[in-house]
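Beneath this line is the structure, given in structure tokens, with notes to follow.
In order of appearance the chains are A, B and C, and numbering begins at 1 in each one.
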Amino acid sequence: MSGHKKISIVCFSGDFDKIIAAYTIATGAAATNREVTMFFTFWGLNALKKRQGHSWLGKDILSRIFNFLMGGRKSLPLSRLNFGGISPMLMTSMMKKNHVATLPELIEAADALGIRLYACEMAMQILGVTKDDLVDSVQEVVGVATFLNESEDAHIIFV
Amino acid sequence: MSGHKKISIVCFSGDFDKIIAAYTIATGAAATNREVTMFFTFWGLNALKKRQGHSWLGKDILSRIFNFLMGGRKSLPLSRLNFGGISPMLMTSMMKKNHVATLPELIEAADALGIRLYACEMAMQILGVTKDDLVDSVQEVVGVATFLNESEDAHIIFV
Amino acid sequence: MSGHKKISIVCFSGDFDKIIAAYTIATGAAATNREVTMFFTFWGLNALKKRQGHSWLGKDILSRIFNFLMGGRKSLPLSRLNFGGISPMLMTSMMKKNHVATLPELIEAADALGIRLYACEMAMQILGVTKDDLVDSVQEVVGVATFLNESEDAHIIFV
């Protein structure tokens, strides 16, 4: 369509700042007519959970503890200087003050721009997370083969 | 051969979860006829050491301390919620329970699929690690020029 | 020119070891006639600050605290085993002893090889850093659109 190369972003870490970087690249790319896919795996899944804070997900006790500790979109830690979760809040206030799109705004923009969100099947199996636990904008739960096929002609960015 | 693009994975961090992600992508790609190369550098080298636990490698005292603290394949930490090394063990049990391939199984599969493993010369020099300290499946110790040439037509994934 | 693919490195984390990896790939690529661009964002900006230690940058109190805590090129932490900043010094001495280029040498080489350095506008806005706070070799302050255009025909490596 636009002649632009596709962008395929793997959200692995689930750090607040890396998720912001991922969504900034994703929305910037989609806004300039690039095809964008985001794959969420491991800690990145936390950004997709319906329950946005710490909550008990999963069937067995280990899954429940892991999921509780990992938390959701509202408890993503900063990759550095997290200070028990105060810093992501401070950074959000710095973003507002400096008129930079905050994470909820970026996520909304991604939806509006039609960015495809995929969740990683294997990580969900390990952590006992089901599709019902994830926000509705997640299009599909996929394995590594789908990821590779979708990324064939894309830049792969692993954050 | 298959028309698929090559995959070139740089294993930098040596975190348990990132190594699992790297091997999952690598084996998935190799199983679907993609050519895969894995480059291990810095902390990633820990996944290739013959001695799988904490051991004193290197010639001088600093190398020996660093290598001891870094440990080997059996002491890779989780990138988050490591809790002194308990979590990688818990995660392995969650992987077994949910019938997901564990790290040793992934590493074996990578060998069986003929995935090329390269170790980074510079990182080995810094840390005083020699080729004899690494598992036999490491094909070659290479520099950045070889990495770049091998990755020329590949997706580069840095984990 | 050389037929080589361009290299586009996103320096996000600002960890001492990742910055070394980034500059090693960058200088190796430039030395073999590849076109290289480095984008510095979030914590990566610390590697570009004129004031190389911890210093109070930014207009408001939050920016000043964040910038002070993040520090500059001389206080980049190791991504693991940092031990309050002792380890980067130890690693530098191991690099010298083993005749591996140290970070200041790599940065100098990057300048000599004409590697383009870009700083991320959004991250600078969030953190209250201005172009005057950054070293002169930074060519431009750019947004995500410029990054994507510059990286169109490049390998993107996110560290």
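As a working rule, contacts are C-beta pairs under 8 Å (C-beta built on N, C-alpha and C of every residue); 3 or more make two chains touch, one makes a residue touch a chain.
The structure displayed is predicted, hence computed values, not measured ones.
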* How would you label the subunit A and subunit B contact, same or different, if same means the shared numbers make up over half of all numbers there? -> different
* To do: Fit subunit B to subunit C on CA atoms, both being copies of the same sequence, and give the resulting rotation angle in degrees, nearest 5.
  => 120
* Just give me the whole-number Å value for how far the CA centre of subunit A lies from that of subunit B. => 25
* For subunit A, write out the residues touching at least two other chains, lowest number first. => 156, 158
* Asked: Considering the complex alone, what residue numbers of subunit B touch subunit C?
  -> 10, 12-14, 41-43, 60, 62-63, 66, 69-70, 77, 122, 125-128, 143-145, 147-148, 151-153, 156, 158
* Asked: Which residues of subunit B touch subunit A in the complex?
  -> 4-5, 7, 17-18, 21, 24-25, 28-29, 32, 34, 79-81, 90-91, 93-95, 97-100, 155-159
